[in-house]
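We call the chains A, B and C, going by the order they appear; numbering starts again at 1 in every chain.
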Amino acid sequence: MADTAHSGTPARPGPMGRMSDLLWRRPGLLILLLILPPALWLGVIYLGALFALLAQSFFSIDPFSGLISYELTLSTYGELFRASNMDIILRTVAMAASVTAAAAIIGFPVAYYAARYARGRWKALFYLGVMLPLWSSYLVKVYSWKLILAKEGILSWLFETLHLTWLLEAYLSLPVVGGNSLSVSWTGTFLVFLYVWLPFMILPIQAALERVPRSMLEASGDLGARPAQTFRHVLLPLALPGVVAGSIFTFSLTLGDYIIPQIVGTSARMIGQAVYQFQGTAGNIPLAAAFAVVPILIMGVYLYVARRMGAFDAL
Amino acid sequence: MTTAVAFRKVSRHYGPVRAVDAVNLEVAEGEFFAMLGPSGSGKTTCLRLIAGFEKPTAGEIEIFGKPSATVPPYRRPVNTVFQDYALFPHLNVRDNVAYGLMIAGMGKAERHAAADAALEMVAMPGYAERKPSALSGGQRQRVALARALVNKPKVLLLDEPLGALDLKLREQMQVELKGLQRQLGITFVFVTHDQGEALSMADRVAVFSEGRIQQVGRPEDIYDRPETPFVADFVGSSNVLPPEMVARLTGRKAHASLRPEAVHLQSEGGLEARVTGQAFLGAVTRLTLDVAGTPLSALLQKGQPVPATGDSVRIGWDEDALHLMERGNG
Amino acid sequence: MKSVLKSCTALTLAVGMAVTPAMAQMMTEIGEGEGALNIVAWPGYIERGETMAEFDWVTGFEEATGCMVNVKTANTSDEMVALMNEGGFDLVTASGDASLRMIAGKRVQPVNISLIPSWDTIDDRLKEAPWYYVDGQHYGVPYMWGPNVLMYNTEVFGDSPPTSWNVVFEPMNLPDGQPNEGRVQAYDGPIHIADAALYLMTHQPELGIESPYELNQDQYDAALNLLRTQRTLVSRYWHDAFIQIDDFKNEGMAASGSWPFQVNLLKGDGAPIASVIPEEGATGWADTTMMHVDAENPNCSYMWMEHTLTSNLMSDLSVWFGANPAVPAACTDGRGMQTAEGCTTNGFDDFERISFWQTPVSSCESQGECVPYYRWVSDYIGVIGGR
């Protein structure tokens, strides 16, 4: 008894055993081994590619030959401020902002229900319902929305059946959001974006809400807050990191998308399309790169503002 | 004396589970009332029914004479100290304490002053700027108390508020809570599973088991004259003697309780018992005995000789220490 | 760093518009087939009987040569150029606005026409055409050509089919009494500026436009102005042939510039659709099968190019796509379904009325200085964006 206790653990045979012992003695080494591949991937492949792209944006295209001139200049960024290019940026940001706001407004109650009330089978059903749109192909979804929104599509038919065609007509006659039909209007683009990105808003909000203990809400009510006040002063601040996480998804996904506005909408370009077209078409890689920088900057500003407003205080 | 809270045949069922079953109860104004029972006995549900977080399945709860069925939690003149304190993590201590006042529409300067005063009262001045995450358990408990008291509730509900604290802190807080209650004169309804806590702090205690109240009374009554074997066993781990044995001893067939500290060893007379074990508890030693097949425990004061396991001893007790429980169990 | 970036850039885009022929090694003989062939093509160009059983000009080739054909479709010339820049393809059916860019960018290699026995059967009008014949080298084999027709809804136009492109350029009431606003479409590619220029050649002769692809600043501005008017009429520009088909079915479209391909498919579906080459003439495309400079399957590529000239391909494709074969005999010799009348319908005799797509360059032939293509791109984006 005493003998075995004093002889210590027998050395584990084999290289695996020695390896395990080494990693146990030096936990830092284990962490290094675990983190190295993703760090390399992120650092070299991702940041490298990003840097190569960004570097291009400091070149310019020669206006006469159309060739790229490899001299560092800010003139390409100046190009961004041309009216038609500013239009693209503002249009995209406005779209991303409205999609994000709408997704948060629609997604919050859904996430709230799922986090607070859904149990067992209903919870499974909720996840299925939220995730289902993510399983089918993105293109299939977008094309089916085109059919839903078409002038002679399902939605028009629905309005007609309900004798509400006048309502649809009145809406479509509005400037900016209207158009010849929903499928060629900004409203159409907006609806499809909203549908496609909604799960990315719901899931983080739901995760955040699930982390809010029930007693927190009861405490607020107990201290005299009506449900609306509890929402404003407790639930929303505590769920805000989830909303912000969701909005980062919906906002940046909308900023970068170039398929949806091509299939549904007025054909006016958004940033993603501009990048695609400038690099693929015009050979104007510098301008494409400069356009690609815009969403990065916008997201940077967005995160900064969110932090300043205390969105991450409850983390 | 005004009745602060009254339960009239209140039940709360979850499907087939009767969390609270036809409970009648009256808590007087200014009273320190404890609800005592093991987990799942319905005491916390009763507290939540008073706060309004749960609605009774049947029966009526009156708060200061007013039926509360249609009154939402945020309109009830009660405040709660939650078991997990439920401090708002995004607000600092001062804003946490001032929360109820802010909701009530009090101006910023005024409510901050009130919050600071409340923090002073719970001996937490100087912590106002901190976030709850930077506080220890005991400190959070005090903040939660201040947050409830600052609203000057008519009834303060405390849900196992001391459960998460270590022994020393718990004993200190027991004294402070009792002092606060006396000083403020507010009705306290206090939920605990710790019989020592209930007995030492409360003016009256209700003992819960399986959704029903077993006994309501002053701590001495509960302790000395338990009405049911459950109460006898749960409050102070009394010996519960089976009716057959009681019949032999007294001629009346009923359960009876016998406090372990009332049992003493004697050289002759009494009953013969065999020692089955001992446990050293500091000031006393608990002796477990076997009396003709009935297990029994006795407490020996320090200094008395402790018999060894397997020894045969004779035991006796004072005449009035044996308390007959005619009601039976439940 | 600079040189790395330079070569990166060169790999990812066709550099510039200056036409300098590549002096790559031409093949001198055809060996065994490699077993595979990767082609970038317009939608509907390479059919293997999967859309409709009777339109199949791939299966026979695969059986005869063992070269299994893999097709990647591209919706615009710009996508074609981008795909060829990415590499991994052997052949591309490039239109004139892409072909010169790819020749200049050295993405395609000269073809040794002596290895293509049926070269002589090619339409004389297409031999040595400027969109693939550069500095005495043939950069490919003519494939198909056709007009960008004016497609219209016969229910809207009734007995008075449109005779001018004005129905898609100028606000007006169509014969059914409703305005054309919201019911016309235009092509979602910068090359559509040429359609506007072509229209102006007839309607504003004082501008002195000689070629719709060679515009000085004034002519260019006039074309953009016309397109800005058009923007108020167009709800959505068409980009994808099948989306346009869908729009004519579900969005109540009345007229649009289009390809015979969409016209035929819509007609085949029983939609009330017809097409016309209006009085101003039309822009058009003349496509060339071009070979990637790094083609992995050169033998199969040469076999395919010969196959295009001799098989049922020219004939059946001209029926299927509503286009004209590069081999005139395909209209008449019964190798496929096409007939002389069919070719006439498709505009076989209108060759002279068609201004074939080519890439606008700054040093143009008709005048000293022209607006180059990259500005067409950004300005057309502006026009569509409402500028």
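Note that contacts are C-beta pairs under 8 Å (C-beta built on N, C-alpha and C of every residue); 3 or more make two chains touch, one makes a residue touch a chain.
Remember, predicted model here, so these are calculated numbers, not experimental data.
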Most distant chain from subunit C by Cα centroid: B
Chain pair with the greatest number of C-beta contact pairs: A-C
Approximate Å spacing (C-alpha centroids) for the pair subunit A, subunit B: 51
Distance from subunit C to subunit A - Cα centre to Cα centre, in angstrom: 37
Centre-to-centre distance between subunit C and subunit B (centres being mean Cα positions), rounded to whole Å: 87
Complex contacts: residues of subunit A adjacent to subunit C: 52, 55-56, 59, 61, 63-68, 70, 83-85, 87-88, 91, 146-147, 150-153, 179-181, 183-185, 262-263, 265-269, 274, 277-285, 287
Touch list for subunit C against partner subunit A, complex: 1-2, 5-6, 8-9, 12-18, 76, 78-79, 81-82, 181-183, 188, 190, 234-237, 239-240, 243, 246-247, 249-252, 361-362, 372-375, 377-379, 381-382, 384-387
Subunit A residues touching subunit B - in the complex, by the definition given at the top: 213, 215-216, 218-226, 229, 233-234, 237-238, 310, 313-314
Sites on subunit B touched by subunit A in the complex: 51-53, 72-75, 78-80, 82-84, 86-90, 99-100, 102-104, 147-148, 151
